[in-house]
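Multiple structures are listed underneath, in structure tokens.
You will see two complexes here that share chain A, one where it goes with chain B and one where it goes with chain C.
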Partner chain A sequence: MSEAKKSLLVIGAGIAGITAALEAAETGAEVVLIEREATIGGRVLRLNNYFPKMCPPSCGMEINIRRLERNPRIRVLTRSKVTAAETGDGGWSVEITTEPAWVKANCTACGDCESACTTEIDDPHNLGMSKTKAIRLPHPSAWPKIYTFDRAAVSDDEAKKIAEACTYDAVDLDAQETTQTLEFGAVVVATGWKPYPLEKLEELGGDLDDVVANVQMERMASASGPTGGVIRKPSNGEAPARVAFVQCAGSRDVNHLNYCSGVCCLASLKQARYVKEQLPDAEVTMYYIDRRTPGRNEDFLLGSAELEGVTLTKGKVGRIEKSNGGLKLHVEDVENEVILEAEADLVVLATGMVPNAVDDDLAVFTRKDDDGFVLDDLEAGVTVAGVARRPEDVAASVRDATGAAARAMVAAGRRA
Partner chain B sequence: MASIPVLHTSSEFREEFFDRGGENAARCYQCATCSSVCELAPANAPFPRRQILWAQWGLEDRLVSDAGPWLCYQCNDCSVRCPREVNPGDVMASIRAMVVEKLATPAFLGKLVGNVKKTWPLLVLGPLVYWLILLGATGIHIPGIDPELGALDGRFHYEHFVPHILIYFTYFAATFFALFTMWSSGRRFWKMLGTSQARTGSFFGALIGAFFDIATHKKFRSCDRGVFKRKWGHFLVMWGFVGAAITSGFAVVYLYRETVFFSWLNLQYSYPMPITHWVKWLGNISAVALVVGGLLLWLNRRNPGDKLVGVTTPFDRFFLWVVLTVIATGVLTELFRFIAAPPVLACAVYVIHLAIVLTLFLTLPYSKFAHILYRTLAMTHERLTAENG
Partner chain C sequence: MEKIGVFLCTGCGIGEAIDVDEVIEAADEVGCACTLTHECLCAPEGLEAIRGAVSENELDGILVAACSERAKTREFAALTEDGPSMFRIAVREHCAWPLKDAEEDEDKTMAAQDLVRMGLARLDGVKAIEPLEEEISDTVMVVGSGRAGLEASLTAAGLGHPVVLVEKDDHLGGLLADQLSIPPEQPPYEAPEANPIPGLIDEVNAHDDIKVLTDTGITEITGQPGQFKVSLNGSSGLEMTVGSIVQATGAKPYDASKLGHLGYGASPDVVTSHEFENMLVDGKITCPSDGRTPGRIAYIQCAGSRDENHLKYCSSECCINTLRQMMEVKKIDPSIENAVIYKDIRAPGLMEYFFLAAQKETGGMMARGEVDRIEANGKLSIHMTDSMLGDNVAIDADLVVLAVGMVPQSADGELIRELHDSVHQAETSESSKVRENSAARAEELADFEGTEILNLDYRQGPDLPTLEYGFPDSHFICFPYETRRTGIYAAGTVHAPMESVQAAEDGLGAAMKAVQCIEMAKRGEAVHPRAGDTAYPDFFLQRCTDCKRCTEECPFGTLNENEKGTPELFPLRCRRCGICMGACPERIISFPDFSVLMIAEMIKAMEVPDEDDEKPRILALMCENDAVPALDAAAANGATWNPWVRVIPIRCLGSMNIVWLAEALSRGIDGVILIGCKYGDDYQCHYVRGSELANTRLENVGETLERLALEPERVKLVELSHDEFGRIPQILDDFAEELDEMGPNPLKGF
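Let's turn to the complex of A and B:
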């Protein structure tokens, strides 16, 4: 039995992938963890706090990074994607392509290059809500802690200036894309999710300035976010007096996502707390079809609902439009059987999670359901963790990842 | 002590309702997107979410006594946006069909017409057989063929084929029957509406307001995205029928201008009236409106997959075909007179026209045509409840 045949590939270094990689490596497997972004952490690092404990994701990440750095059996490849994969002979042969390393590992994150850079781009870490330099540290918790460079965004002249500004010679303008083919016994798919796009929710004002997605609200509430953690109206920077959360925005809907993402109710309740902490006088209303807060999360729901100035109204918002400087929400208050024309200054659309695998046809996605979630295929040596498998919260993703790691090791052992 | 409301659910109603095109109601999870996107739902009594819930539960009493289904013009905005493909617009149409049946006087005629999928041959052929028997018994005289009537003098007299007295006898009776049963059903409906929501204000004032809305198709206007043909089709057919009714009324008046009833009017012209007479103009313009409107309504139903169009049930189809046949045979009857069509053909079309008009009159209180009654009352009711919660 070759050692390569027992090793695992984990695709995606979000919370599920990191956890799966760590659990497998700590159990003794050799693991390659690949991530398409420049840093690991994925969607969780874009959250302000987790429910129900309201703690920031960075502390959990610090522990994970320590485990990662200490473990010699994990190799992490960032800026890397699976570009081809084939199975047979009891394992997977996977071609991994890594984007050019414009910034080398000897970067000390001093920031001299950033000062030399004049080109600004939409900050992907802040979901485009703010600008950032073309060369920058992606975010304060970046690991690996080196700069990333959007080379295509700048001219050759500017690139040269940036490279010259680096006293450590860490900016390499001759860097090339690299490709390697590696053998694995099994693959853990942890390719995660993306938020359902606001552009598809025009009827809910997805194109209006003061209508934001829940994921954007997380960035807005985060100290490292575009507003430094201040919740405000994107249109004019004012504090909103009335904030509305619109649940199932594009979810449980045959015209959009046909499923429930299972976390948005809790996310909105959590964000209602962000608002009340910063703006105690703000009126917060959450419009919902059902309040889906299973298990012990029920306590979180009750705790949020008890907050003064927080109202939960049963009824899905059908239409949102501009009206006298604010926003008008058309909704039926189902319990009182009346149509409300509610007003709000800031609307948060609780958009659902779309599996990244939905429009990707990697050979390792041997089984997918109708919505694009990837399913375990133990015979093929593929297990799935986190939201790639089904919509779930961070805690569930972590539990899921442990199971996926264990199943992948079993599958790799059997196939070898 | 507060009383606990008792729900009278009916599984039979539910089954029957699902069978009549309402089956998608079972998919509804009560999100209320439909009510919130509806342009017509009154804020204090929204639809269609509540009605779908009642239908799911088989709450016949509530559905029958509710104005909501009759305030819906089925623009199908709700069906387009519904996240569960309930097609609330179609569900509301099925509710209306069920309400027409449940409020019918006498009840068995409501069932007969409600079950039109199976009973339509009876409803169509019954009046035809009636006319054939009646004509057979009184003698069939086809102008141009029957020697007793002599040769055609360039004018085709339908009266020689069907004496006016038979027409009066038949249609006055049918009209009184329809008016009486509709009055009876309407009274019940009005009372039930009153128990579901308190009213304040003048009935007649509200009725006149409702008539104005109907005459101008005001509600259609705020409810007409996507399917342009619906509003104009309905507008033309409605006014076409009104024009045809006025024409028929004046025709009778002119016919008896010398009798004690109408002689004081001092009307000129002999009968038949010349084609340039204003009553003829009115009749012919009405016919054009009916043909164009009928065509539009028919074309509108040509796209069954479109959510904005909705589903066409046997109940809808029967009504539409009766109306279209009335229009087509009516226009042909007039046309045949002028183009010297074969007398047998002209008479055959005329009999069919008389028969289908009788079908229309007799089924009026039980077919989709009954919306004239229920919608008018519901719109009047809405005006009297707008301020009440």
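Let's turn to the complex of A and C:
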């Protein structure tokens, strides 16, 4: 078998994919890491802080980017996806399609193009909660450190102006989509997750302005987010006096996701701390079925619950509606079999994680469960890392991404 | 470096912000082999121009005065492939973009000139790197043969490395070995699965590259990654060299004899989940008191976990294991009623399916409540407070199963070392007070006597340092395999509370890291976080005073001491943070590309205008991992700040040597600001203790400053997170203002 066939393809450059690629490459494998977005980092770079240390994800990512840039064995292809794949002859042959490179790698991130751009789009980094220029550096920790251009959003005239504004001729309006077929010994699937959509949670007020998802709360609390880090009611920009966290919003629920998403309890406790830090007088209530904070995270549960003005109430929220300028929650107290009513100004729905693979049918997804989580298939040379495999937190994703890289290297070697 | 070329980029607004000619002039004044300006150094033409100048002038040093070294990293790094050393100064992010305009940009030009002078001074001291070329053992030693250890052994062997699996018991398998089944690991996650341990043991025994040593303990490990010399006792009694180590020593059940309030010991019908498992294995469920079949079994969750009097943490596996045991009971005797008393059912993720299946299949009662006590009066009665059944209620059971938690089988290397040191001090110290205090401390730590597992011959103790509750760890979110001993990785339940499937994965990952460490050592490269760095520190021991600061402060235990107390370097243990270099009062520790002298020379190269010029100068020593990226982001976001500031990125705030402060202040620089990672329990320092150590060193600097008749406030340390770029302008401007109020440094001009 050729050397190429011993190399690994890692699909998805979120924390799991980046970790798998780095661990394999530092061990000695040749790796191609592909990412459909313009920059790497995936979901974690859309978080404000990690629990339980309340530290920024960009800190660890800085080290990972440094490891990546200094490792000659990793090739990163952004704006790229797998468009075809076939297995046989002891490896995978994978067709990778890369979107047109409207901004070339020689971009210096000087910002001149941005000044020339007038069209604004919903900012995908901020989950559409704010506007951004059609050409932009996606976020402060963006890597590759080059601008990205939503070419379709602007007119030909404006595109021309933008291209002309670039001193370095880095904007290429004639860019074409490219495809290449590469050979690999094994594939690591790290395609990640998306939040369970608010639209499906109408009973919980998913369509109301002041009902936000936990992922949106992360952006709201982030200094680089849509509000510059200020937590406020989206409806009127006021500081909320009463904030309710609704756990298992669409999880552990026969009408939505049957499973538990594993991270939401800790995420809400973390967000309760964001609120208390900014708004010490705010009343924070978290409605839960079980407080799932395993291991040493027990300390984080206790520490958060002890904060003054933070209440943890066992109960399942069944309905949320507008009431007296605020929001009314109907909470089923399962133990006492009564329905309680509570009020809040801002509700955060702890929505769960849906594997991205649920809607995709890539040939490398040789085994998938009913929920769309992808499973290892060592015979086929496929291993899975992170939330593509099961709902879990960052630390667990990093751990099993390291293991997935090892399994993939073993599989690639075995198939030699 | 002898022949250095200066390459100044004028792109990205640099050319408009500064007077390019004057900056080049400053470079010429210092003296360099050539200078070149280009409108876009990072473009192929720019890089080609540098390459041309390098070969034409036979340069051995390249000073790139352009953007931050975090931009266009790969492009510029390619220039060094043929040998020349490179240093990059961020004229763009640390000068042209952010410095506030004043006096027709004179300040920006002065800053750029300073940066060039400083860069030249730095590069002048850089030496060629000669990577380590040591003989490296390919062997991975795995300590402990539970699920994590077995999986680690198979993975390392699968990656082509010989494995030695060391087990203290006479058989393999660990705590799981005797379990009837395990919770589900495959969809639909609804039924217990067969215990994988016997199969794993067979696989390990059959593997040609795995040597299994049972009944074996470790008497000593000396050396360093790639070259650990291991002495074993027990039946094997051999010595060997291994490259890296996976510690998978597992956990033991929490001691139920401490759970008297739960009836353990008072009634034979109160058993631990492990004792109960034996009944399941035998297929015979009886009440130990009289041998009858229990009508109802109650499973008490968090027995000794989530309890401030016992284990504070959640043991993570008990809820799921109870569900499994209930399902096994139902298979053995469907007539037995099951009741679970819990605080929260922790069946996270896809284990929810198992939870649902267990409820459906067993029809077991799930009762939330805090168990106050269990009384044995004929029947066992479980008294609860704050329960879903009401406050102060009791339910009866014939058999009570305590889901006891897990305690890591680790040894706290640092405390063991402290114990040994205290015992030694108590016997030998000349001061009676020290003897007394040491004896008291030794008494407190007496429990650690004989708990050694790895028996590392390390100055800082014989085992992995632990972070909390006895779990060895250092960066448990982003880099969960990192420990504070290079080449030694913890896996499984010794690493964190976890259930079987997670232990398996942890074993896989730790094996990967162990193999990686060996492969990187072969290439002469450092491991995380400066992965790939081939430079390592040099100790000029002739001038060493045996003060032991370096051996004490290295977070990774890189240094041993000989009998005189002189440091002994084990370069393969080193992570290249430079904390030893910052600690050394004699300044005898240097990297070829980073040294006390090099930074001191950079500080000397800063021009300090006279007091009359009213141009104060601020030196900012900033951590390159978090503070500098924040500064870069602030500059890219259009933030501006005081133009008196000159930034020197350093590897870690812990590499800051006090002499730099003295150098700066004695030259008339008005103030020094140190910006580094947050420290404390939730530290963000990638080298664990760097910023904290820097802060400790500062505490001792105040006196020195007062001796020089300087205000201690002229030196300031600020903690900053990677994402707090918004704070940068205010931090710098506030400091400038404070210095302005203090007035000029009186040492200016001396």
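Following the convention adopted for this analysis, the second predicted complex is superposed on the first by the 409 of 416 C-alpha atoms of A that agree within 3 Å, B and C clash if a C-alpha of one lies under 4 Å from a C-alpha of the other, contacts with A are read in each partner's own complex, and residues count from 1 in each chain.
In the analysis below, contacts are C-beta pairs under 8 Å (C-beta built on N, C-alpha and C of every residue); 3 or more make two chains touch, one makes a residue touch a chain.
Keep in mind that what you see is a predicted model, and the values were worked out from it rather than measured.
**Student:** With both complexes superposed on chain A, which partner does A:Leu182 reach: first (chain B), second (chain C), both or neither?
**Tutor:** Touch partners of A:Leu182: none, neither chain B nor chain C.
**Student:** Pick one for A:Glu332: touches chain B only (first), chain C only (second), both, or neither.
**Tutor:** A:Glu332 contacts chain B only, not chain C.
**Student:** Of the two partners chain B and chain C, indicate the one touching more residues belonging to chain A.
**Tutor:** C
**Student:** Does the superposition put A:Arg252 against chain B (first), chain C (second), both, or neither?
**Tutor:** Both partners.
**Student:** I'd like to know which partner A:Glu203 touches here: chain B for first, chain C for second, both or neither.
**Tutor:** Touch status of A:Glu203: first partner only.
**Student:** Going by the contact rule set out at the top, does A:Val230 touch chain B (first), chain C (second), both, or neither?
**Tutor:** A:Val230 contacts neither chain B nor chain C.
**Student:** Touching A:Arg319, do we find chain B (first), chain C (second), both, or neither?
**Tutor:** A:Arg319 contacts chain B only, not chain C.
**Student:** Scan A:Ala109 for contacts with chain B and chain C and give back first, second, both or neither.
**Tutor:** second
**Student:** Can you give me the overlap between the chain B contact set and the chain C contact set on chain A?
**Tutor:** 252, 290
**Student:** How about chain C: which of its residues touch chain A in the complex?
**Tutor:** Touch list, chain C to chain A: 11-13, 39-40, 42-44, 67, 70-74, 77, 155, 158-160, 186-188, 306, 312-316, 344-353, 356, 368, 388, 468-469, 471, 475-481, 496-498, 502, 505-509, 511-513, 515-516, 519-520, 527-529, 531-532, 625-626, 629, 633, 636-637, 677-678, 682, 684, 686, 721-726.
**Student:** In their complex, what parts of chain A are in touch with chain B?
**Tutor:** Where chain A meets chain B, its residues are 203, 248, 252-256, 289-290, 315-319, 330-332, 334, 337-339, 341.
**Student:** Which residues of chain B touch chain A in their complex?
**Tutor:** 29-37, 41-46, 49-50, 81, 83-85, 389
**Student:** Which of the residues in chain A come into contact with chain C in the complex?
**Tutor:** Touch list, chain A to chain C: 22-23, 26-28, 48, 50, 52-60, 62-64, 66-67, 69-71, 106, 108-111, 137, 140-141, 145, 167-168, 222-224, 228-229, 252, 258-262, 290-299, 314, 335-336, 369-371, 373, 375, 390-392, 394-396, 398-400, 402-403, 405-407, 409-410, 413-414.
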